[in-house]
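Chains here go by letter, A, B and C, matching the order in which they are written, and residues are numbered from 1 within each.
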Amino acid sequence: MDFGFILSSAASEIFSPTTAAYALAALGLAVHFGYSGLLNFGQAGFMAVGAYGFAISTLTFGVPFFVGLLIAILASAVFALLLGIPTLRLRADYLAIVTIAAAEIVRYIVTTNQLTSVTGSANGLAAFEGGFYSMNPFPEGSYFGMNNRDFFIRVVGWALVALCCTLIWLLMRSPWGRVLKGIREDENAVRSLGKNVYAYKMQALIIGGVLGALAGMVFTLPRGAVQPANYGTELTFFLYTCLLLGGLGTVLGPVIGAMIFWVVLSLTQGILYGLIESGAITWLNTVQAGQLRYILVGVALMLLMIFRPQGVFGNKKELAFA
Amino acid sequence: MTITATKDDFTGTATSSANGAWNIGVPEQGTYTVELDESTLPEGIALAEGQENPRDVTFSQTSNLSVIFAFGEGIVVQQQDFGQNLLNRLVAGLSFGLLLALASVGLSLIFGTTGLTNFAHGEMVTLGAVLVFAFNALGLPFWLAILLALLGGGLFGYAQDRGLWRPLRRRGTGLVPMMIVSIGLALAVRYVIQFYFGGATQQLPYAQSPEIQLGPVSISPNNLWSLGISAVVIALIGIVLLKTRLGKATRAVADNPALAAASGIDVDSVIRIVWITGGMLASLGGILWAYYRPGVTFDMGSAILLLIFAGVTLGGLGTVFGALIGSIIVGIFVELTTVFGLAADLKYVGALFIMIVVLLFRPQGILGRRERVG
Amino acid sequence: MSSTSAAPAAQPVTDGDSVVKVTDLVAGYLPGVNILNGCSIEARKGELIGIIGPNGAGKSTLLKAMFGLVKVHSGTVVVRGQDITGLKANKLVSRGVGFVPQTNNVFATLTIEENLQMGMFQRPKDFAERFDFVAGLFPELGKRRAQRAGSLSGGERQMVAMGRALMMDPAVLLLDEPSAGLSPVKQDETFLRVHEINRAGVSVIMVEQNARRCLQICDRAYVLDQGRDAYTGTGRELMKDPKVIQLYLGTLADTAE
């Protein structure tokens, strides 16, 4: 078994574009669930809206990159509004069920054969990333062992993560953020101060949703393809695992959580494959080893929620629930 | 018919022989997208419910791998006139709704008595079908396989309550954390099932069931059985809840657990019975769902989890009879949308959409009541 | 300020007349936060005991702690000579304790008859007999047995709640603010009913926010403040006590009628 290879491929997950995408989307969930107590189970839907919003506007309408970006952000904001209007006044579990249902509706709609010309149905869409890579300032060559494209998307992805983290951090320290935390602690108290609780929740839902849309773009750009199968409910639950790993009510928590998530997955995968190929494990084949990761995530999610709901780095006082 | 396999820039195409067998040679191991061109299917044949097309297949160890596209029967409906079609879909929808109700009545009872929104309920549905398949594969007689699967479902419910939910209740864990724990459980159980069962679609015995004409309705005997069984079981559950001492105690716990305890009811044991019953009902629902689709897969339960939720929320969270009505509405709605021109691959969308709309105007559900205060 | 001389908790109950004896009860909802800080009360056979005190004094918590619905940290609850401290609520019913909570005290989705059946969950055989007894006290309930409790008015619900608690023929009935939220006429009626129940041989411990009315009808009363029994005496004594008047009755006098 080649431990050097296993370790280096696990380490490369730390700054992979997928990790950046998970970090962004989990940061969005931190705004929803960690800071505002909104149980959004449809973050995968927001990511899909972002990814498809960008891909469709680029391919079908031929808009330039930044217009596509703007459309993706607007689409996710509208999605948040549509979801928020019926549910933000309801109990937490209703919001959870409605958001997960809405995310599935999005997935069914981009999968249906009725709209193949626009969405590419189950095959998805491809070749929309040209506009992005044409802005690549790095000339061809090797950057830390990566080609200039891989390097560019990493730089952009992580710059975006840093920017969003800073913005959310500032936002949560602002008077606006304090009201939001107040709502999480005691909604009625904030209401009695004359604040419009509903508007604050809606704004939080939109901000976290836009982060999800950006995550969707960072997720699909390096792949050069967007496929509906990637945006199922399991994606949302992986994001919750990242969020809980890192800590709910913190800005860096989701980022660190996403890194831990991918490093641990890559490590277990690498070690299992190694053991299987070397013949040390015979009761498992590589397909089953791939399934083990889901079992692992599920168990991790349960254990985290039961024994350390504030996350590895979180503060128990920042919990949205008792 | 034509099948295509693609990976990166490799494309392989094959045309199946008359018995449906096909074969594509590929250059290297890895993940391929396999697609069946549905326009090349013989007339009157369509892919069965839940058959992903195209789908991704991965093989890394083996040098060959089989991919099976299961076909449903009688899904092609153009030859029938509208009224006939409407009637058929209505009956099919009722059958589907009742099997959904088996799962949602259990979910609703659990929600009512413990407050838990259980995202692992889909896996309880899957378990029923998978157990029947497994016991049958072991060579046990069909009836025994079904009996054991129902017992297995009840045992799973009991074990969940005993090992997980009751300790969490004792710790005073909040409802939102419990909901997230149930998601973790759902993921873990779903892939444990896949680990042992595999990713393929399997069929239960007697899954082939050509439609028969019953008066004006054409229906498959399996659907008819399913309709009858679920109707009887739900009627029994209803009678137990309404008439028996245990049923009344269950409703009392769902209504007000603290007052139930203050009345001398052992709330924990009522909840245990509810979990066992919920597990058995979900199992039965799963078996019937395996015949309705037809097929057994590791994710068949999670595929209808949201429809089960839709049924429960439509009727009003926590009201058992609401869950029954809500599920029947969802089942019929899903089947009827195709009659009114919605594409088959969008038929779940309508039901989920209706649920959101109902929550908008009647958050307490169709049957849920706002209680008078004071 | 406790007027009781701290009696040792382990002392055996010798007073044959004592139905309920609570000694130095310390209890709370969250670990480390005590709502009751050493509270002692006693009810003897056939007594109607009143418990009054400001909002948040811990009156409801006292009843819930006696009934096993709140965690007891120390102290004892003895019912008819048996130590029942910390027993779960569903075990207490058969020991002769009935409890009517302050809020949510009926099964709203069940009918009146089913509510009463739930009251007798542990002894369904004697239902008919007990039902007649309760229907004798509350004729209204006997006539509307099939009506859903959730559709009843506040006063009617209170009757269902008391009826349910009386089904098991308790030795002592714990009532938490039975008159809260009722119109003055209904309040009078409720106090009358409580009096009748008491005369039928059931000891009653009643928490009331309507202090003056409570002191008028009860045999003895306790004034609870900050989780302790601050004063005790007969209803008449307390009504004349200047401190009690100043603290609780003076301000409550306007709202009493």
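Please note the rule applied: a residue touches a chain if its C-beta (ideal position, glycine included) is under 8 Å from a C-beta of that chain, and two chains touch if they have at least 3 such contacts.
Computed from a predicted model, the values in this text were never measured in an experiment.
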Which of A-B and B-C has more C-beta contact pairs: A-B
Farthest-lying chain, centroid of Cα atoms versus that of subunit C: A
Chain closest to the middle, measuring from C-alpha centroids that were averaged per chain: B
CA centroid of subunit A to CA centroid of subunit C, Å: 54
Intercentroid distance (Cα basis), subunit C paired with subunit B, Å: 48
Intercentroid distance (Cα basis), subunit B paired with subunit A, Å: 28
For the subunit B and subunit C complex, residues of the former touching the latter: 245, 248-249, 251-252, 254-256, 258-267, 319, 369, 371-372, 374
Sites on subunit B touched by subunit A in the complex: 33, 35, 52-54, 56, 58-61, 117, 168, 172-177, 179-181, 183-192, 194-195, 199, 302, 306, 309-310, 313, 317, 343, 345-346, 348-349, 352-353, 355-357, 359-360, 363
Interfacial residue positions of subunit C with respect to subunit B in the complex: 67, 69, 88-90, 93-94, 99, 101, 104-110, 114, 117-122, 124, 150-154, 164-165, 168, 181
Residues of subunit A defined as touching subunit B within the complex: 39, 85-87, 90, 92-94, 96-98, 100-102, 104-105, 108-109, 111-114, 122-123, 229, 233-234, 237, 240-241, 244, 285-288, 290-292, 294-295, 297-303, 305-306, 309, 320-322
